[in-house]
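Chains: A, B, C, D and E, in written order; residue numbering restarts at 1 for each.
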């Protein structure tokens, strides 16, 4: 593929899924409702097309000078000279990487969904939403204008809402959907404020122009910091960073492939992407960059602690996702675009795989509760194998994908933020522990589920349409990290040095950093190993009793399993008591009794006045006559009194 | 100029009303068709005008003008014309007028009177938007009270008589102040003039009589504020909305309250630039209060229509923000928001009406799980809701974001970024109440008591589809409107250096 | 003698006598109405031919023949025609006195016409009493309890008011030495050098005259007879009191105050303010109390008290306009034609309202508003007319009432009375409450009884005329405005 | 001097008679007091050189109005019931005194344009020419005639049974 | 102080006030009518006095008085007729009891 991809086809990357959405919702669903499969095929073909085009775009960008393609744009909103918003695309290395991630993962997951969603009455709707989401996500990563990006930013949020609430008849799902949307909107509030600020100070929302303004120093100081923090607030919401992390675990109410695609691989990573996209702004504001790093680092360990104690497999994965997103933020904060995005890249594959695995498990057992599982290793070998690979990868075991990106983050943080580094190291341990806790609980031991339940069939391996995508992802979970063994990935994203493949393969184990007794890679590997070992000890070999440990750390366990009471704080105290029952109820009372009461009061007073005055009209004509005389006297007196 | 398009647009519905009211022996069915035709034709003409409107830079501001001397004694003229600001609202009203007839198709009570009043209502609102003479404007402004009174009090629900009377009294009080303001304005000009166009081009400051300009400004503003409505003059709106028949709610939310916003721009801002600028911070404060307070109260509503009504108050706060930020972009945004809110909230009311009609239930707490029984309605309602909470690709987002962008960047009024940021909270709260509403009404387990509830029928689907198409059209391609609106806003923004 | 200038009055007098004579000789009492209307038409014809001629003073300056007077004469003649039309059904219930009824209506009309033309305190007083005596009798014409009570109240209070008016006229005469309005003006103007306010005699005289005339127009606090009398009187007479007698009162006030007490300007300012305040109180009181009324005639009585308040805004505006921008040598021609327009608009609206009441109450035998339930179904056209009349009384477009309010308020604003206008416009909003209540009852409530409401051709004709008038004045007010302007600019004396 | 004495006597009589009219409980006596008052006023007219008016006063007031009133008293059997007062005595008294005070104040503090010409006497011929002459009040007389016509028609209408 | 205009005026005011008092306090309609006649008489005194002192040769005031007397007579006639009518329908002319219509 020597030729550069034509502009029209670049647009098509985004338009194909959109078209699929339109076809499904406007044609298939109304007119072919008895042929649900069709919509799956349409959607998958569309995303496949996008994937192929994305690869073409990637190769074009690789060969383009400065890794960038120029795409002409359209006017979206132009009001004379006062404001100009273009709809245009930015085709650089970051976009290209994201395109690959999104299209590839989406493709895999949509294929998997054919099996997972089979027989669901809303099959059409599912694929319509999936297509819409993919389109929006692709739009998000491609556009060159902050406002338009915000448009897609909101749209992916919307799709997330729709898909979390896909089974809307379940109150929990409906609740979770609403919560997700509102919580992320709090973040969007910051994003939008930043957009407003940037436009008012610079007059443009074109991302490239903003970059150059920040680099040139025109955009600097408080404005820059505020804008960057505002943008980051958006990212915090979308990427479920502390303190807006509460929506993501609840979002697991959606169908599992949705969780895999949206709440693990792509949409939640959009926050990381956003920071990366606007990185020059962060780069020039120390405060902002530090904020990113701190929030990221804190979130990583904070979420991991909760992941330790969850019993729902998807919730463990959800906290894991939050934690890993924290890593990415940390990576961006301390290391730059390449490091953060590299972890995003790897994480997309192994985390999607983990979710698909969880989906496969629940497909077999009808539950997500790990206490109801066990022993699935035998009946679901493929699922077990791929899940294990992904777990090793996320735990950071050499030479799987997770190891590479995580190591880079650790490496950068030790140089810049030592405290965060130590926290990250603890997180490494925890990650390995909770992942293998899942593995052992789910696949090890004996089956603890209830065979006589509604899911009457015995646990069984999932159909191949589900297994195949998992296998593909497993390959990627192993190998995606190798892209940067040479530093090529970083180079592509504009940072880092290159080295030979084999040199790179062992580089981490041979270089001891100042301040550390042994090379970093060893340390992290040992910590991960310890984590796995502990999990083995407790949940597989049962050398240690889980119950006793729980009792030993009862307060901590309570803290973790109740999620630090954040839900209670937000939903009960702030939302329900302070706002709804307090402030808003007060305002409503004021509205109906105060303002409207005053209005009705005035009306009543007028009427009552009439009632009183008419009493003067007694029917006694002489009284009337008296008023004539009193009137005369009053007028005269008034005239004299007023002069 | 060769053809009196605007006159025809305004008075065709009136003619329809006259036919319906006076020709004896029309069957209900025939009456509906007559009403449909007499609203469809104005819609077609208004769309034609929209297409023919000269958007080029040097074009005349007011187009399709008609001017006939009317009451020479007070220099009042029958003067019509549209500019970029009013044209979209005319189109909107013509559209809603037609859709209102469709929405009312199932009305069976006193059909003849109903459609006569409905058409008269359309005439009066259209008249407000195209009048360029203050007296004429005011006449149309006031005429609307009578049909509204009847429509709410006869075909309404709940405390309909109370609400209708409340509406009338509020409007009359507002009208009273407007009348006083118009008179004050009239006597300030020299020679006395009632022409909005002429007065706007006059510098009033040297002409001030015993009545200060600011006083006139506030008289007019207070009158318009009732319509918009600006808190604390808003309490008629929830009652009127709650108890009005569906089609009337649609028109009320769609265009009637826009009369307030339109008039503030057309009269208050354009004629009193100095007072506008002086008092902009006050008005911006009210805008923020409208947005946040309105949304907060919305969250506590239990009646489906009342909730939407309060959300309108919140959304009108954005219009106010856009207006008094006084930048060109924000003013265009205000114009856009008026249109957008018209279709979005119009749709919300239309669907809420269907829900209430089909389920015989309006208490949100007692509804639930309807997405199973009425899937089409659920989808439509969701789309309308998305518009109301400003989700991108709907017109709601485009309009609100334009206001925000314009307002935040405005350099006419100091401190405006703070107000803008406060108003941003409105979007957040909007998400909360819309999602809550959706969840309570449509999601959750299906309730057995609604098992016999039917979904939208074909007619309902058709008019909802028109609304939806417009919501997305404006949301995705806002320039279809902004190109027009900006021609009307440009001379106004120029008063403030924009 | 310029008897030809008295032709309208003479023909009316002759008609009145002819009607009484005819009553003695014919059994076809329907003829009486026909003859009366013919007589009124002839009188109107004469009046029209005089329109536009130069103002003249006749009979030693007792009367003026000017457009101003002619305007009112034509108005009264027109109203009288309608009153006789709407009385047709009413009168047919009497066994006796049909001739007297018509004669008295004609004589009252004559009295009011003379009031509008009189330019001498003596002729004003006598003309006013002619109208008043006729009305005293007409009010008591039914001779039932209510009617006689109304009549008694009217005659006794009217007597007191006459005495008060006469006392005021006496003081004015004493102060100026003349009873002729133009000469009074000269005398007052000459004496202004000595400081007018230091001569409380004149002020007392003026205030007493305000009270006396205020009784006629039902201005607060001289209004209290009105509700009781309106309620008790035969409805056509109530109608005539409301739109005829009251308008005649305004015609006199305008002429007296404008031609006699215009200068010095402090005097104008004073009575301007008095009218402003009385107007403000009147409209507020009238409206607020009207809300409480259950009887529609009584409600309309209070409504007409309120409307007297609105019209007084016009008087106040005139007073202030002279007071604020006096012309030194001669009086500026009366600029404000708004009062004239307003009284026409008010008359039309009240006509429509009262005629509808006559029709509906004629069927129901009740004036209670609650009994009007369902009239929208039983008598849609009459209900529509009543609705239109009430809307015009509220002052909503596109009716005459709106233009009238706009016109009269604009005069007030022009003369710095913005505060008064704000009170007035808020008042008209309040008034909507009780007017619309009637509308509500008619259109929303279910009828208590079945059956159509019959109405005679005469009533329908009268109703149609007034409704058309309301709409005509509301949409193309220019014609009447022109006439009103001519009437005020050709203001003779 | 004689004029002054006459005035004072007549004034006192008039006021006393007037007070009697409004205070006496016997309606018939009140009516007689009214006649006395009318006569005193006629006397006052004489002191003002209005001889013709004095005659008219006696003829019309005493001869016609008072007779009518007495007739009415008889017909309505008012004598038996007596002339009672309503509940408004105190407020009306205050109002009347206030009015009297205001009126007296106004009258005494005004510089009336008094001319010291001798009055025209006798007045009868003069009045006749005033009333019926070419440049007089002939029109007003006509109106008064119509007024009386209306009165007669009205009174008959009202008094006769239905 | 010699006899002058003011004396007559004060007398007139006094009689007027007395009449007024009577008109507003007496229950009997006939007495009220009598009081009204008193008031008119009082006014006549003022008119004649003005006529005598201000336009002694023109007699305008006296002319006015003649008309006033005519009007008084007419009012008395009509008033009494109405009183008769009301007596016929109610057997009383006590005005405090004639309050069928009020408020």
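Points to keep in mind about this one:
Note that in this section a residue touches a chain if its C-beta (ideal position, glycine included) is under 8 Å from a C-beta of that chain, and two chains touch if they have at least 3 such contacts.
All figures in this text were calculated on a predicted structure; none of them were measured in a lab.
Under the contact definition stated at the top, the chains bordering both chain A and chain D are C, E.
Graph distance from chain A to chain E, where chains that touch are one step apart, equals 1.
Chain centres were defined as the mean of their Cα atoms; on that basis the chain farthest from chain A turns out to be D. Of the two chain pairs considered here, D-E and A-B, the higher C-beta contact count falls to D-E. In this view the innermost chain, defined by its CA centroid being closest to the centroid of all protein CA atoms, is B. Separating the centre of chain A from that of chain B, both taken as means of CA atoms, is a distance of 37 Å. Remark: chain C and chain D have CA centroids separated by 31 Å (rounded to whole angstrom). Once the centre of each chain is set as its mean CA position, chain A and chain C turn out to be 78 Å apart. Distance between chain B and chain C, defined via averaged C-alpha coordinates, is recorded as 42 Å.
In chain A, 614, 617, 619-623, 625-626, 629-630, 632, 636 are the positions where the chain touches two or more neighbouring chains simultaneously.
Shared interface positions of chain E, defined as residues touching 2 or more other chains, are 5, 9, 16, 19-20, 23-25, 32-33, 49-50, 54-55, 63, 67, 70-71, 74, 78, 81-83, 85, 95-96, 98-103.
Within chain C, the positions touching two or more other chains are listed as 122, 126, 129, 133, 136-137, 140, 143, 151-153, 156, 160, 171, 174, 177, 200, 203-204, 227-228, 292, 430. In this structure, the chains touch in the following pairs: A-B, A-C, A-D, A-E, B-C, C-D, C-E, D-E.
Across the interface of their complex, chain A is touched by residues 152-153, 156-157, 160-161, 164, 197, 200, 203-204, 207-208, 210-211, 214-215, 220-222, 224-225, 227-228, 270, 274, 285, 288-293, 430 of chain C. Of all the residues in chain E, the ones that touch chain C in their complex are 5, 9, 16, 19-20, 23-24, 29, 32-33, 36, 39-40, 42-43, 46-47, 49-50, 54-55, 60-61, 63-64, 67-68, 70-71, 74-75, 78-79, 81-83, 85-86, 89-90, 95, 98-103.
Residue ranges of chain B in contact with chain A, taken from their complex: 166, 169, 231-232, 234-235, 293, 296-297, 299-301, 327-329, 332, 369, 371-372, 386, 391-393, 397-398, 401-402, 404-406, 408-409, 417, 420-421, 424-425, 427-428, 431-432, 435-436, 438-439, 442-446, 477-479, 482, 486, 490, 498. Those residues of chain D that touch chain A in the complex are listed here as 86, 88, 91-92, 95-96, 98-99, 102, 106. Against chain E, in their complex, chain D makes its touches with residues 3-4, 7, 11, 14-15, 18-19, 21-22, 27, 30-31, 34, 37-38, 41, 44-45, 48-50, 52-53, 56-57, 60-61, 64-65, 68-69, 71-73, 75-76, 78, 81, 83-89, 92-93, 95-97, 99-100, 103-104, 107-108, 112-115, 117-120, 123, 126-127, 130-131, 136-137, 140, 144, 147-148, 150-152, 154-155, 158-159, 161.
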